[in-house]
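I've put the structures underneath this note.
Below, chain A partners chain B and then partners chain C, in two separate complexes.
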Partner chain A sequence: MRLSPAVVLPALAVVLAALVLYPFVGTGYGVRAMLQIFMWIALAGSWNLISGLTGYVSFGHVAFFGAGAYTGAILVASAGWSWPVAALAGGIAAALLALFIGYPCLRLKGPYFAIAMLGLNEVLRALVSYFEGLTGGGNGLSLPTLDATRAIYYVMGVLAVAVTAMTYAIITSRFGLRLMTIREDEIAAEAMGIDTFHHKLAAFLLSAVGPGIAGALTARDQGYIEPLSVFPLAITVTMIVMVLFGGKGTVWGPVLGAAALFVIQEIVWARYPYVHPLLFGAIIVAVVLLMPRGVLGLLQLKYRLPRTI
Partner chain B sequence: MAVLAVDGVKKRFGGVTAVNGVSIALEAGRIYGLIGPNGSGKTTLFNCITGLERIDAGRVRFKDERIDGLKPSQVARRGIGRTFQMIRVFPELTALENLLVVTRGPRPQAERRGRELLQFVKLAGLADEYAGNLSYGQQKLVEFVRVLMTDPTLILLDEPAAGVNRTLLNDLLAAVARLRDEGRTILLVEHDMKVVMGLCETVFVLDHGDKIAEGPPGIIQADERVIEAYFGR
Partner chain C sequence: MTLKGTIALTLVAALAGGSLPAAAQGPIRIGASLSLTGTYAKLGKNQHEGYQLCIKELNAKGGLLGRKLDLVMYDDQSLPPTAVRLYEKLITEDKVDAVMGPYSSPVSEAAANVTEKYKKVMVAPLAATTSIFKKGRKYMFMVISPAEGYLEGLVDMAAKRGLKTVAVVNEDTLFSKAAASGAVELAKKKGLQVVFTEAYPKGNTDFSALLTKLRAANPDVVAAATYFDDAVALTRQMKELNVNPKMYGVTVGGDLPEFYDTLKQNAEYIYGATQWEHTLPYPGNQEFFDTYKKEFAHEPSYHSAAGYAGCLIYAEGVRRAGSLDADKVREALLKLELKTALSPSSGRARRRSPCGPTTSPRARRASRRRPGTHDRTRRGPRRPPPMPPPDQTAGLRRQSRRSKIPAMSETTEP
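Then we have the complex of A and B:
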């Protein structure tokens, strides 16, 4: 099975053009929903960069989302920055946090890293609640009123595309293959001359930028944030489930997982608000049991799809 | 001048002394054997040389530079390549990708070199197959040529003959001899005495972490202490 660029590129262009035009024809709900899907693509795609490729499962990836959200919100609310610049600052803040945390934590192996990341998120939430002067503590932080949904839609869309394009570039490069060797056999990778620590650190930094920007954009979009709304474990879990469902370590897996699960979630949530967490749990169990590689991972093995999928 | 000089290297695991002050020196362009009963410290010595284990005492010098204390990746980049007793290919990477990951420099050249090496071990047709789907012997060959991709000066082979059929083995041994002729140094751990006797110019014998003998294979075979270590008194 071969997908030639002559088919794929025009198809991608049509989809992108439709998404660009959508805010002019879509309903308010539709635009908001697409905005959310963009956000989930950026989050899931970023998690995939560190966890899908290197196998180092980050259980606290929402920490970067929250750090970006607070950085962006504070810069907008207190320093009067414009939101696009504040969003970039959110990405940079998240990357710095990743550098600071990655240095000690990426030396930990497997499950210990996962737990350390979980701890990081709790620590950040506590810190944000504690420094009330800057963050508003548990009362949250309100941003000046501004209706920028359409602009944020585009910026979030660009972010989703950027994360996916970066994933493509990484996975098709030797750098990406080296990240996978860490997942496959870290000791052999080291013995073959691959500096696994610095490869992990680079992937970790790249995986933090997207969530940082997405957090700052979400803060601006919602106009109000509080510790519980931007540091919930549920966001990390959702990223993980989306990637596992779509196919970890693939280019399009996070996109597929984000879109599919978001739509399922919306439908179920609207009809059966109480069983929706139950359904999410059921999906996790089903994916892990029936197709641990996710939809695309399964297809990749079965039909020998290239890494560009 | 020795390419590799291991000097009084010790490695303890809890109360067990796995390597007890072993010294060996390897000259360029030669094939050396490392033998000894199970648990005598052969693989641990490999791990001490390649940086996978931190040594407790002694020194390891490679091309006149101390390499003990370096990370495994740093040791590898200085020109020491190795294979493992239990095969360690990257299963969800293709055979060709397994070779590409260890290369630097322009990718087209690396791919060409990788395909050449796969051709050389008669795996060209399986270049795009996941390494995990290959047979044991094929994986062993992938691991072997993966080492060659890094263009190492010193090659450590941990039981290259184990589980490999005769025809394949002869190709493999011919390849090892050719690497020696190119000026590379090879140290191999091997239980198959025919392989050791046929290939190695010098053999080191370990027993319970001590080096008990060193010399040409013919003399080693007749050494009292070696016979005792293998068969008991």
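Then we have the complex of A and C:
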């Protein structure tokens, strides 16, 4: 099967136009739900950059989300910055954190990296709880009320598009090929002359910026953050599940996974308040057992779709 | 739904929205998100049942403004961000006519941003942290008395018994921190020495490190600002690690019958804070207790009573305002004085109205309960910013009792 650009590009344009117009027709909840989907696309897409492409499973990616959220929230609340600038600062803070952490940790291999990242998240949460003067600690940080949901919707949308476009650019580039070589066999990659460490570090930095910005935007949108709401393991797990569902190492996998799982979750949530964790868990198990490569991975195999979807 | 059905419904809606009297309108839909799963599940469930019972009773009496009432419920998983989304959904998507508060201070704090944005009156029956109501929020009403007082009874009694040192531990969230700081402050004022303080994260299950340190500090009194799950875990692990202070009290959790059911004899001699007891002589209280027990096959906790009363308070506000309009309801609520099963309550900020925590050993077996020994502190729903009633400290007494030592109850009788 061939996906010709003549079909794909107009379809994409229509979808994008619909999303741009949506806030003018949708309800407050609808806009917020879409905003959440954008956020998950950005998060899942970012996780896919490091873990889907290089095979380095990050179990603490929410650390960048939380770091961005607190950076953004503190800059807005204490320094009075406007939120778009604060969001950018959140992204930069997350990238700096990634540099600081990635430098030692990316030399670790296999499960050790995953565990180190898990630890990073816990450490950050403890730090945020400890420095009460700055972060409010367990009391959380409350931002002045501001109705900017629509503006944040657009910024988050642009972020989701940017992360997806970046994934496409990387996967189709030599840089992406080298990353995938690392995933398949790091020693072989090394032997072929790839500077594996710096490649991993670059991918790691790129994968931290998205969650950082998304965190700062979410903090501004919700107006109240506490350590547990921005550093929960559940966010990392959801990112991972979304990517696995859609297909890891693909461009559209995280988008598909984020949208599909979020919608399923919202439907189950509304209808069955007491059993939704069970149903959601069952879906996860089914996906992992029945299509370990995710939906797109399955389609790629079956219909010989290009690697770049 | 068939096309025909849709058209018919649209017609009905159009008519109802037009000139027909109120009775012809659909039910008043009241939306809420509660912690049905997650860390606060037990407590949120009781609050949910309080809402359900209130709405059922209001409907039996013919509803409100001539319309039936309908509860639209979601589960926020005890997570503030989810509550934000759900309240937005309730207000903009389900277009509910009114909202009621969620469970817990952190969740209410987050949800308030949404309800204030859409100018919806929210009676928040289980948000006990005063700071939530202080941020210039106009449409939010507080029902139970402040978090800072939850451990007052315990500390007060410890001081009276001549105990010297106290350890304060708390969950690191909005409510528990306030309760803990209230305890620390009062302990210092009463001349007790605070020898150990530590906060643990929400959802913590392993208290062994904390308890080892606590044991080293060897306090006479352990005051724990907890919710339910952590109260159970902490108590159990104290037993396992042989931490035996002379007095030990928890905030939320100890008052639930499940606390005793889960811990059995380990729940003996533990103080718990409550905002309500079924033996209190408030109008309708006994009926509330009986109906509730029959309806849900277990005893209500103060969360049930606060949910029930919060819903009644809101309904009364609407009835007096004669409208669902947020500003009118707000005005009516500010003037309202109402006696509910929870307690008489008042919207007047500076006036004391009986509605506050008592400390009661709900952990005890029902048969051991000694009715009539409760002291009620007085406070009501109030509008922001809440000013402490001038005569508050004089009248405040949150009483603690030990189950097996009746003498102690006597000594602390007012």
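Couple of notes before you dig in:
Here is the rule we go by: the second predicted complex is superposed on the first by the 309 of 309 C-alpha atoms of A that agree within 3 Å, B and C clash if a C-alpha of one lies under 4 Å from a C-alpha of the other, contacts with A are read in each partner's own complex, and residues count from 1 in each chain.
Convention: a residue touches a chain if its C-beta (ideal position, glycine included) is under 8 Å from a C-beta of that chain, and two chains touch if they have at least 3 such contacts.
Small disclaimer: the values here were computed from a predicted structure and weren't measured.
After overlaying the two complexes on the shared chain, residue contacts for A:174 are found with chain B alone; chain C is out of touch. In the superposed pair of complexes, A:4 makes contact with neither chain B nor chain C. Contact with chain C, but none with chain B, is seen for A:33 once the two complexes are overlaid on the shared chain. Between chain B and chain C, C contacts the larger number of chain A residues.
Once the two complexes are laid over each other on the shared chain, residue contacts for A:184 go to chain B alone; chain C is not touched. Once chain A of one complex is fitted onto chain A of the other, the partner contacts of A:223 are limited to chain C, with no touch recorded for chain B.
Once the two complexes are overlaid on the shared chain, A:137 sits against chain C while remaining clear of chain B.
Chain A residues in contact with chain B (one complex) as well as with chain C (other complex) do not exist.
Listed in rising order, the residues of chain A touching chain B in the complex are 174, 177-178, 180-181, 183-185, 187-197, 301, 304. Interface residues of chain C, counted against chain A in their complex, comprise 36-37, 73-75, 79-81, 84-85, 88-89, 91-93, 106, 109-110, 113, 116-118, 131, 135, 171-174, 176-177, 199, 201-203.
Listed in rising order, the residues of chain A touching chain C in the complex are 27-30, 32-33, 36, 125, 129, 137-140, 142, 145, 147, 218, 222-224, 226-229, 232, 269-270, 273-274, 276-277. On chain B, the positions that touch chain A within their shared complex are 50, 52, 71-74, 76-77, 81-82, 84, 88-93, 97, 100-103, 107, 110, 128, 130, 146-147, 150.
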